[in-house]
Amino acid sequence: MTGQNADCAPDSGPREECGIVGVYGSSNAADLAYLGLYALQHRGQESAGIVASDGRSIQSKKGLGLLSEAISPFELDDLPGHVAVGHVRYSTTGSGRVQNIQPLVIEYSGGIVAVAHNGNLTNARCLRQAYEARGSIFQTSTDSEVFVHLLADPQHANAQDPLRHALNAVKGAYALIILQADRLTAVRDPYGFRPLVLGRRADGYVVASESCALDLLEAELVREVEPGEIIRIGPEGLRSISLGRAPRHARCVFEYLYFARPDSVVFGEVVHNVRLRLGAALARTWPVEADSVIAIPDSGNSAALGYARESGIPFDIGFVRNHYVGRTFITPAEEKRVSSVKIKLNVIRDAVRGKRLVVVDDSIVRGTTCRERIANLRRAGAREIHLRISAPPITHPCYYGIDFQHADELIAASKSVEDIRDFLGVDSLGYQTIEGMVESVAGDGDGYCLACFAGDYPVMAEQGIGKHALESSR
Amino acid sequence: MTGQNADCAPDSGPREECGIVGVYGSSNAADLAYLGLYALQHRGQESAGIVASDGRSIQSKKGLGLLSEAISPFELDDLPGHVAVGHVRYSTTGSGRVQNIQPLVIEYSGGIVAVAHNGNLTNARCLRQAYEARGSIFQTSTDSEVFVHLLADPQHANAQDPLRHALNAVKGAYALIILQADRLTAVRDPYGFRPLVLGRRADGYVVASESCALDLLEAELVREVEPGEIIRIGPEGLRSISLGRAPRHARCVFEYLYFARPDSVVFGEVVHNVRLRLGAALARTWPVEADSVIAIPDSGNSAALGYARESGIPFDIGFVRNHYVGRTFITPAEEKRVSSVKIKLNVIRDAVRGKRLVVVDDSIVRGTTCRERIANLRRAGAREIHLRISAPPITHPCYYGIDFQHADELIAASKSVEDIRDFLGVDSLGYQTIEGMVESVAGDGDGYCLACFAGDYPVMAEQGIGKHALESSR
Amino acid sequence: MTGQNADCAPDSGPREECGIVGVYGSSNAADLAYLGLYALQHRGQESAGIVASDGRSIQSKKGLGLLSEAISPFELDDLPGHVAVGHVRYSTTGSGRVQNIQPLVIEYSGGIVAVAHNGNLTNARCLRQAYEARGSIFQTSTDSEVFVHLLADPQHANAQDPLRHALNAVKGAYALIILQADRLTAVRDPYGFRPLVLGRRADGYVVASESCALDLLEAELVREVEPGEIIRIGPEGLRSISLGRAPRHARCVFEYLYFARPDSVVFGEVVHNVRLRLGAALARTWPVEADSVIAIPDSGNSAALGYARESGIPFDIGFVRNHYVGRTFITPAEEKRVSSVKIKLNVIRDAVRGKRLVVVDDSIVRGTTCRERIANLRRAGAREIHLRISAPPITHPCYYGIDFQHADELIAASKSVEDIRDFLGVDSLGYQTIEGMVESVAGDGDGYCLACFAGDYPVMAEQGIGKHALESSR
Amino acid sequence: MTGQNADCAPDSGPREECGIVGVYGSSNAADLAYLGLYALQHRGQESAGIVASDGRSIQSKKGLGLLSEAISPFELDDLPGHVAVGHVRYSTTGSGRVQNIQPLVIEYSGGIVAVAHNGNLTNARCLRQAYEARGSIFQTSTDSEVFVHLLADPQHANAQDPLRHALNAVKGAYALIILQADRLTAVRDPYGFRPLVLGRRADGYVVASESCALDLLEAELVREVEPGEIIRIGPEGLRSISLGRAPRHARCVFEYLYFARPDSVVFGEVVHNVRLRLGAALARTWPVEADSVIAIPDSGNSAALGYARESGIPFDIGFVRNHYVGRTFITPAEEKRVSSVKIKLNVIRDAVRGKRLVVVDDSIVRGTTCRERIANLRRAGAREIHLRISAPPITHPCYYGIDFQHADELIAASKSVEDIRDFLGVDSLGYQTIEGMVESVAGDGDGYCLACFAGDYPVMAEQGIGKHALESSR
């Protein structure tokens, strides 16, 4: 545990995108949570867990891998009750420890509680050290474990509203769903980094990271859980409490760019629509003469269509995705002469050969995968390649839940656009401007976190950042 | 075995679409076959098998499920050698017996032979009965097993060219890849029902159902294996022999409509291009005033784009596919209140609400899935729905390898287009005309099998058809 | 397939000890077959299979490993019917191909048939070559597959009694259970090499390799299936037919020495009793002054007790067996510094230290395991070790189903008793005499196969023996 | 969590017999721990875990089931280092939660620590409630988790010797092995309830529940870890510290009767020898005229032999154990007409029929299994059955780690010996006397816990006992 000697500064645990869902009031709440996690599977493929309560006893099932691998539908019979919370976690490397699978289930003076967390705390290490100094023990390497220690801390547990009291100690990004015996609580941090929506069914309530989960559960979308809002759902109905106000809102714009499904409503807007506008803005900023516009599927599809519509250049399909190459793909040959990039996306030669192409992708992190795809287009005979990126250059790490935490992972942190163009081997490279992005998102474009593009962090983070800081020593 | 007493007429074994690949000359032939099957996985998800030879000994690995489930890449070390053949099989119900997994490997007087077959024989039952009468035993319920009995039959085995001699006894659809100690043989039946392409690598040859497998193996597409051609590859190089000529060619047009990947070259043409033309033909035949054209993904994508281009109506994305709901999806709730149709494709509400939509799908078999999707569009607020189908009405069963074998499975066999329109609940329904289809496919439109649309079967089938005829009694 | 060019002489497939069970008349025949295989698990741990029939359709389940690994009890619901046959197969190396798992299920002109075989044919290669010459194909590398080809052969199939006719062509050792739609047939070869008993339940019949399976199924032991007897059980009841007489009987004496469970009745006698007598005979032949008699568990237990009783030397427990180290044990350390011999049996030091021990074991094949156990006794402080072996020296290979097929696997084939004593490091070594063995077995001691001790083979075998002859090339 | 409202009195978590092993100094410590757990597998089949340290980082592997199921030998490569601790846990019902698998690994202010515990604390609930009141969270339902909270508690953590200080707060039975970065600590509670031995290898030290683990690791038995002793092993060597003295010693006599392997040295004596003496004492106390003495295998074997020797009645083998029916056995038939008792032990009829038998078993808890075995002997024709029990009547629950915690689970708590004799259906029933037991064990018979026979509890337990007290609400 290298962190022990570090001074109490920025840090923290694994930063991951996750999906969470909570159900209250349905006789088979765990079944619905399972369906909800199916809809949110794109937000995390490393592990899945569901905890359910029938008001008296609390049961849980967890496992590694995709939902269908982690939990068999047949096991849902072991999760009776009308309250349930589920969690899927992002696969970064395929590692991932069993202990880290959420929802976390612990017992403390207040009883048994299950916590599902999406986001990343910026003072997790600091809090963890404080608790360890007081004699607490930690069993996971996730920053989410801090929440349960806060809840159990007598200074909070004995407060009038323990949860609200405890959350005041926490900094950073969190969308939380908390299950207790006969209660479901949903919380969004005051900045509103991560999304969370509230839905209503005939027999109760649903909360979820994205509205696509509501669609599948036949729940009507009511509204976002507001930044800084605590929603408590219990036998007495639904109650909303304010957790406090942040200086500003800071919704994560990457939800629109990459994470969320295009059919989801996030931050009050259908993602597909935002992406169409992002593509159109690119077309206005970076026009070019070309034969067709193609997308890097699937996240680039909507923006490519937006570019095509705005520019009048015909939209075409340039890549075919192999739907069967998933998380588990391992290249057979040791030499790995055939790259997984090529296995996942194959070029449609006739759509590419001899063509001047506009290629639309959502963002560039390291640039290596993108370069390989461009090379495949070249090999297939593309005459000109004009790459258009829905996001501005990513120049700063994210401390709020996205898995790029070091500037040296970011090609745009050290290279000029011209150098990146050379690196990728494209004829022209047009990044979204921050203005173009702001005008494309929901609302008046205010209230978004642009830290990874502009460096203006809404909440300061501890030092000593490193994704596996806590894991490295175990 | 109900078939025993049936007179020697039409029949036959399980009819399935499959994918086959063969590799000759690479030091790690099984690795390449594995990659090739990855590319062909869309042609069969029920089981997978690979057989390899180092010239002396022959080894095999087989299993149920997707390739990655059936065979671990780590097992490929157990398949050494420079000759390999692989097979993936279509999942219809999820059943599927272990014995039926191909390639079949048997031993006979000529040594050990492995056979991978795509297609469906029309005189399989007849041949099987004849062999059983002579004392032969059968271990699978597939019609493919007939091939190995023919090869072993002394009347063929002692002929100058045993394979050629044996194949003269066979009727129906077959693309075959046969592995022997130091030899790979590829055959296509004289009608050319099922596709098979020949590719060349620096170190040898590859044959595969579709060219997308060649792309992944970095093999150059040489040409189709011709209908009625036997290609033998061995230490002495490649040799082509004619198996005989059929009265006509009868390439399966469903390869263009549905089976093949859009990036593949099949029957000499890129599938994406054919689908664009099929969509354009639909637009000319069935024009309509509308706000946008959307596809049923993924097989409808190219044709929808073709319709949009020809009609000038904007192309849009109306459905989002859940990539994680695969073969293994099981609805948790017993009541299955949430249909798998909805889990697989979710509607993007804003792309649909209040819109007059042209919806393009590849074909209609029973119509039940289509009806559910249309209902989901209606629920999402579509104002008008104009359904356009790339294929003409399917009115006749297929005896050559596609899994609709009874007229009562085919809605168009008994209902008028008007009745189907009512059943589906669309505002208008436009099927492709046979002329539209013929003008869209490769070449002069001649040499295709249109039996399922027009009833003119190129090869007569035995009676007593039934997909599980052979399986039912085991 | 090396065998192809061999002249038609001695051979044959994998030689294994197996366990078989058949049930007729119980509503849940497969459940009973499962229990029966549990009782016979000691006869084979490599694979297990059960085939059941409800009179119309035939279903099967097969798998590698122990019964509980190969077939889940939950799968038994998929095996309905009142007729069932089961098979467990001996694990030699842990390899074992899926295709070889019995019962074999095939279809031929007579319908579907399942065959479970214990024993080893001595003219299997010859028959196989003959069938291959006539065009038959083979899918396994087992000699048992020959049976199904014989059954399907028109020269037999059209005979009045096809099975009886077919079996006349077979030489060697076989206990067979054959399942057809509504029929169970049990056969024992005319020499009676391998055991098979007939039991009766209130609702029908059971046949099994050993009577311990009958005990578990609450079936009453009726009698042995006689050498050269065919027992047919069907709706009309039980019928016995003679297959023919052999010049002599040749029951395998190793069933008494090692294979069978001590609680089983085999060849008309309780195995425990025979082993007690074998021990007593040893005590008379090889008396010695000692402090205690210990067994190599478990097969040596009864004989050690017999030795102790006869000699008056106290019986003691010298080794403890680790019940959890089974088929799946793998030494963790690459170096394998800790031998599996030691893990399986640990010495009770106080029972050994400073003692003059008589150690009783069932037999010595290679001698290497025995030597290691003796060394462990020495390390534990044994003062004298007098090894007594229930079997005479094994000097000749077995062609009838036991897995020592080459003289060079047999220490007694090349070494004198004195040399073996030196090799093992014991103070004295006393083998059973042939006379001692003959007087200990059931009946008048006549009618047993003593070929491995004396070389007088009741049935001549083909040449070119080798356990993996057929497997080597696949 | 029912316990919350209980007053701070007797209690506690699941009481289980477990096996623990620790290794210090070997380059592949985890490999040795794995072997050690193999030898201790009889002490726990529910789950297994190993934690290893190379002095800097700590890695762990855990799983449900037998060792070979829980941890693959191939995974041991992921556990590098020269320090390791392993744990196997007893299977009671087959349930068992993943979180409860030991060794527990947690992080606290002092770093990372892994704890393996055998035994049962009598004030666990009390301590747990105190910690929860201070804000601590609990993740398991085991009493062992209390240890890690104590270690992390600043009042102990800041003491001069934190572990010693912390253990003063603990009451009850514990043998502990604690792993830290470069240190292994072994502790036995001052009463010495549970066994723990110290061994020495050329390259370091081993501690284990029983000496049979030392044998396999080729470690020399040095001595018992003394009651109330802390042994610390680190780079500086081995150091012994006294934890304090108890008013008396209270070694668990059930280790001799049932738990330990006969080849182990426990509490300074070979178990086999103690059992021989227990049998002899039974023969003196309860002589009877009979034809033979048989054991209920395997735990009754040595005592039966002791009875036979003392009485002069011949020892015989009456039951055969099915080695393949393990933890995973599930009766196939729903009706479960065949009892698992019968599947596990089958009677050797000839050893029983018409005989007057002395049957020796280790102990009687509920009596139901014993009754079934007696009935099987009767059915096999036993003429007289004289049951002799190595243990005295168990009349009181155990609070120190054995899984009989309620008087109503104990037949002898409510029934007279005469009534038990009737219930079991034996001709005579002779229990060991307490005197007989005391004279048979090691040493002068002093220093043993006889609470379950006599009710004189060395350490008072909390109230509200119940094995699943903590689990029931989760």
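The chains carry the letters A, B, C and D, assigned in the order they are written, with residues numbered from 1 in each.
Heads up, the rule we're going with is that a contact is a pair of C-beta atoms (placed from the backbone, for glycine too) under 8 Å apart; a residue touches a chain by one contact, two chains touch by 3 or more.
Since we're looking at a predicted model, the values are computed, not measured.
Participant: Give the chains in contact with both subunit A and subunit B, ordered by label.
Facilitator: Both-contact set = empty.
Participant: Measuring between Cα centroids, what's the chain most distant from subunit A?
Facilitator: Centroid comparison gives C as the farthest chain from subunit A.
Participant: Distance between subunit C and subunit D based on Cα centroids, please, to the nearest Å.
Facilitator: Between these chains, centre-to-centre, one finds 38 Å.
Participant: Between subunit A and subunit C, tell me the centre distance in angstrom, where each centre is the average of that chain's C-alpha atoms.
Facilitator: 60
Participant: So what's the Cα centroid distance for subunit A and subunit D, whole Å?
Facilitator: So the centre of subunit A lies 47 Å away from the centre of subunit D.
Participant: Going by the contact rule already set, what residues in subunit A reach two or more other chains?
Facilitator: Subunit A, residues with two or more chain partners: not present.
Participant: What graph shape do the protein chains here make by touch: line, ring, star, complete or other?
Facilitator: ring
Participant: Can you list every touching chain pair?
Facilitator: Applying the touch criterion to every chain pair yields A-B, A-D, B-C, C-D.
Participant: Which residues of subunit A touch subunit D in the complex?
Facilitator: Residues 1, 4, 56-59, 62, 98-99, 105-109, 111-112, 132-139, 148-149, 151-155, 157, 472-474.
Participant: Which residues of subunit B touch subunit A in the complex?
Facilitator: The contact residues of subunit B facing subunit A are 28, 30-31, 34-35, 38-39, 41-42, 45, 66-68, 73-74, 76, 212, 215-218, 261-263, 265, 270, 272-273, 298, 301-302, 305, 309, 314-317, 319-320, 322-326, 328-333, 337-338, 342-343, 346-351.
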